[in-house]
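The structures considered in this document are given below.
You will see chain A twice below: alongside chain B first, and alongside chain C after that.
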Partner chain A sequence: MTVSPTQTTVPAVRLSGVGKSFGSTHAVRDVTLDIRPNEFFSILGPSGCGKTTLMRMITGFEEPTEGAIELGGVPAGGVPAHKRDLNMLFQSYALFPHLSVHDNVAFELKVRKSHPKQAIAEAVRDALALVRLEGYGDRAISQLSGGQRQRVAIARALIGRPSLLLLDEPLGALDKKLRAEMQLELKKIQREVGVTFVTVTHDQEEALTMSDRIAVMHDGRVVQVGTPEDIYERPATRFVAEFIGTSNFLTGKSDGAVLTVDGLGTVPLPADAFTGEAHLAVRPEHVRISSGDPAPPPERASLPATLQSVVYLGSATRYHLALADGGPFIAETHGTGPAGLTAGGPVLAHWDPQASRLLAE
Partner chain B sequence: MRSLADRATGWLARGVIVFLYVPIVVVVVLSFNDSDVTYKWAGFSTRWYGVLAGDTDLLSSLRVSAEVGVASATLATAGGLLAAMGMARLGRRFRAVFSGGLFLPLVIPEIVLGVALLSVFGTLRADLGLTTLVLGHLVVTLPYAALIVLGAHGALDPALDEAAADLGCNAWQRFRRVTLPLLRQPLVAAWLLCFTISFGNIVMSTFTSGVGTTTLPLRVYSLLKGGLTPEINALGTLLVLFTFLIILGAGLRQMRRVLVGGDGTPG
Partner chain C sequence: MTETVAAPPPVSPPPSVSLPPAVPTRRTGVRRTAVTAALLAPAGLTVGALVLVPLALVLRNSFATADPYGGIQGGFTLANYHELLDPVYLKVFGYSLGMAALNSVVCLVLGYMVSYYLVGRPPRRQGLLLLLIIVPFWTDFLVRTFAWINLLSPGGPVNALTDALGLTHGPTEWIPSQGASFVGLVYAFLPTAIFPVYASLRGVDPALGEAARDLGCGWWRVHTRVLLPLARPGLLAAALLTFVPTLGVFVIPVLLGGGKHQLIGNLIVTLYTEFRNQPMGAAASVVLLALMIVSLAVFGAAAGRLRRAQRKGGTS
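Let's look at the complex of A and B:
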């Protein structure tokens, strides 16, 4: 029996309260999540957050200790890995060193005996063309570079046209230039073959550039699911705001209109602010700095600070500030910022309250 | 200008090679000796090859040794492979205990093992013969096979097995299509080593062979009492020739990879 989707409207993967514990350690806790067909979905989190365990449960290498997994609407409980209609791109690529490129790519079709010999040769040619490795069929794996090995692994994983491809840190082993190239390439391949891609990564930039949607994991739980823009602009928790991009945080008590921070005074809050203990997250690119004369417009939030250092980044300039209570604050401007600021001097950091975000945890 | 020490090392290395191969050359040369004793040269002759061809006792011993060698090498290699695959599934602590147990016979003197095995067979009232010989040789060869196969199996990327499962292989297909071919070279090396150990074994054979299952080394050893003839040299020459053919044909690369280093996979 092969698990395959019966309709395109059912989720490609449905996780319902999925958990996994090894002895007394909980690697994954209560994950409920739908991955849509043909979606480029990323599971993003720091190492040890449980994302790899979650992926291994989807592939069938591990069985969940709680909850249930459905693949294409069919319960996957008890279905072994080799009977699941999905493939995995391994971090080490896991190409078979005793087989040629052609035999690696043809492996699944030969094992499943689904194609006659002539059709296999054709399918391998198509798969190698997809990853732009035409004519590499006779090579040994040991003759390939890292980037070529990954392409072979992609061709091997996609030749059986699985409903779902899982990618374990797909770009982790590549150098920086190749990585940027492969990011676009993976996205292109995914559109071409129309397969649901689920990648597991700790690299937020990778997740932001490639994904349609991202699930951010922390401590075994999914803390937020959303589009890259959702995740970046509207982080659900302080962890997400910190892990994806850079954020400044002010911690204090909200009355719904202003946040009172010990030692700093009050700052105005965005329109949808709640009341109670809270963190205010402000992205550095939303913060402007000035000498304080003329004063920034009154509707902007502002805090006095000391300029500690200026880092020129080429396309941007980053200012490291210290607030009145000594806490760090970062401002970033495109190009070169205002002139006449000297390190150690007083400045005013100000931002649009609507661009800031109030977080409960 | 090379230093004296360099030259001395060079000559020492040559000396070692000569020392290693002198016995082999002597065996070959003396097999063509037209004399009734091995230690005196009496001119060229091939008559001992004729004598050997008609010596049914010696040839049946050769047959026993070959049979025992093939059987024990095959069982030892299969056992080593199973041990390696089984131990990969064990927890860390259990694995240490198991591998300790597996390799312990290596450091126990063979004569002790032989005496112990004889007591076991005696208690079981087992008739000494081919079966007991194979079992005895298995005790000696299995640790070597396990040592070689375990090392090679441990060097395999566990993701290869998972990749095979992911690509549709059930457990048997994973073994057949991935594990076995990747371990082919170490398995061949282990088999050859075990066969050689079994074929030359005297101590364990002394305790475990029965009537009509005298191995070649035991037969040759017993001939010492009546005086050796160049017939033994003729047999030795044929064995050397046979070994060289095997090594040239298959074993050389694998043996070097496994015994000198490398994981047995190209690249």
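Let's look at the complex of A and C:
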């Protein structure tokens, strides 16, 4: 019998029971998670959820009040920010306005005195090439556009080849088109340099498209860690289902097979359903609507509703419904949906129970 | 009571006249000029009568001959200026320049430290602390200097403190002394140094300091490589605002220094009042004015170079 080799990879970041309180307010509570080397990891949550504080503890700008942080297997407690083998991409870019592009990018190498002069010039050239800003070295920061500034900030943060790059809302200050472009570019740069990227963001779309794994934070806690697909398709809590994308919720009592909702009757549940008080989350794209004739197949969950409005989105059509108890329900179909439905008329909303998800909280 | 001698008050630009945007026909153009002239007249006359005319008189007198009774005989001579080249007077000029430079340096260092502390406080606390700095600044110069006489008197609060620390034993005479005089100078000009430095440090994104730390700067290099260079415009203004007025101070060296080590301001007062030699006093005043203008030009040139360097993005 062979023993499988034990997993010996040291996590890039290991947080064990990390908490931070400012006076009586707890910004971060009991966060335990591992970030693997070379992964693109996102910490996702609404503003005020503690994600920025968590990141500042990893950089060393704040010390945790509870728990411990390890960077590359080495305890980081008491190690000041300037001695940690990681860099940060600031939301405001924090480029030094008194220095040229070249001197901004060269800053770390000059401060750490790790390279001779000639090597610094070469490293700056390479770093600027990485972000496609060759020949911009002599420019002043004030002469650059927002997108160019961000590229300079990336070059500056990566020139010292840190093991870890933390990105604070990296795309927040860019306009929509540039944002989409940078999402792909960041991913490409990350693969090219082989550095662990940890981004902090409140933008779920950004997190879903760029990340290998995501930690969703709520109220200072990490409520779920997983791949983008895990998080979207199998949310752990009602908060995650609501925060990532859009969900319809039905609240009631589960007996393991059906959910009884006051005023609406019963709907069938997915196979792994538990019993007790629960929320059923149904993604709008899994909901179909019909006039009720012919009736949907009996294995599908269905609820009668009133069609309130139809929103044409180009690639999709969204239907806003009101259930019998007045609660809102949304259905979304690709392209144009079934014809002959009029606002104000009765419809039937139906979905595959296996595509819905039962949540305890 | 003003604290400086012969320093021309800064002439503020005349308030701009805003008239309804009329089509500038020839006639409204003329009327506009007349209105502008009428509105400028009070300020112009005041400046002319209270600044330019006295300055012209001082300049004229500096080339005149004194009569034995303290009056002015007229005539034209360079003898007054020639006499100022006497080592006794040159020493006063040298001492003044040295004191002004030292005072500026100390005020700049303290002013930077205080400003750095201030910008790190929460906004509301900053306001309160600034108020604590501004209130004494508004208090009469003479009153503040007398306060130091009390503070530094034998058995006074400072003496009690040094006794408690074992640095002195019993009542100690600190006044008059050069040290007391210098403490008075620093105290008088510290707020003037804090405000411009604070203003420029407050405009610095706090993330820049963090970025410097993130990129490997320890405490010291965060300052030398990032914050100090960014505070340079404020530091330059602070240096100007302490160096130039210090040259003309005369109350502090008299009250706290006992008048033994004179600044140019004291020299002028002595020449006018004790020596009753108005032409010599006038000549000393003109020299002081010239020193101030030269300093202003030097600081102005430095500021201009700094602006150009910053526009260029400063290559090191």
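The criterion applied here is as follows: the second predicted complex is superposed on the first by the 353 of 361 C-alpha atoms of A that agree within 3 Å, B and C clash if a C-alpha of one lies under 4 Å from a C-alpha of the other, contacts with A are read in each partner's own complex, and residues count from 1 in each chain.
We take it that contacts are C-beta pairs under 8 Å (C-beta built on N, C-alpha and C of every residue); 3 or more make two chains touch, one makes a residue touch a chain.
Note that this is a predicted model, so its numbers are computed, not measured.
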**OP:** Consider chain A as the common anchor and indicate whether chain B and chain C clash or fit when overlaid.
**Re:** clash
Original post:
Is A:232 in contact with chain B, with chain C, with both, or with neither (first, second, both, neither)?
Top reply: neither
Subject >> Which superposed partner A:249 touches (first chain B, second chain C, both, neither) >> reply: neither
**OP:** Go through the superposed model and pick first if A:139 touches only chain B, second if only chain C, both, or neither.
**Re:** second
Subject >> Which of chain B and chain C A:107 touches, first, second, both or neither >> reply: both
Original post:
Can you list the residues of chain A that meet both chain B and chain C?
Top reply: 59-61, 80-82, 87-88, 90-92, 94-98, 107-108, 111-112, 140-143, 156, 160
Subject >> Footprint of chain A on chain B - complex, ascending >> reply: 157, 159-160, 162-170, 173, 177-178, 181-182, 184, 265-267
Original post:
Where on chain A does chain B make contact in their complex?
Top reply: 59-61, 80-82, 86-88, 90-92, 94-98, 107-108, 111-112, 140-143, 156-157, 160
**OP:** Please name which positions on chain C make contact with chain A in the complex.
**Re:** 205, 207-208, 210-218, 221, 225-226, 229-230, 310-316
Subject >> Footprint of chain C on chain A - complex, ascending >> reply: 59-61, 80-82, 87-88, 90-92, 94-103, 107-108, 111-112, 138-143, 156, 160
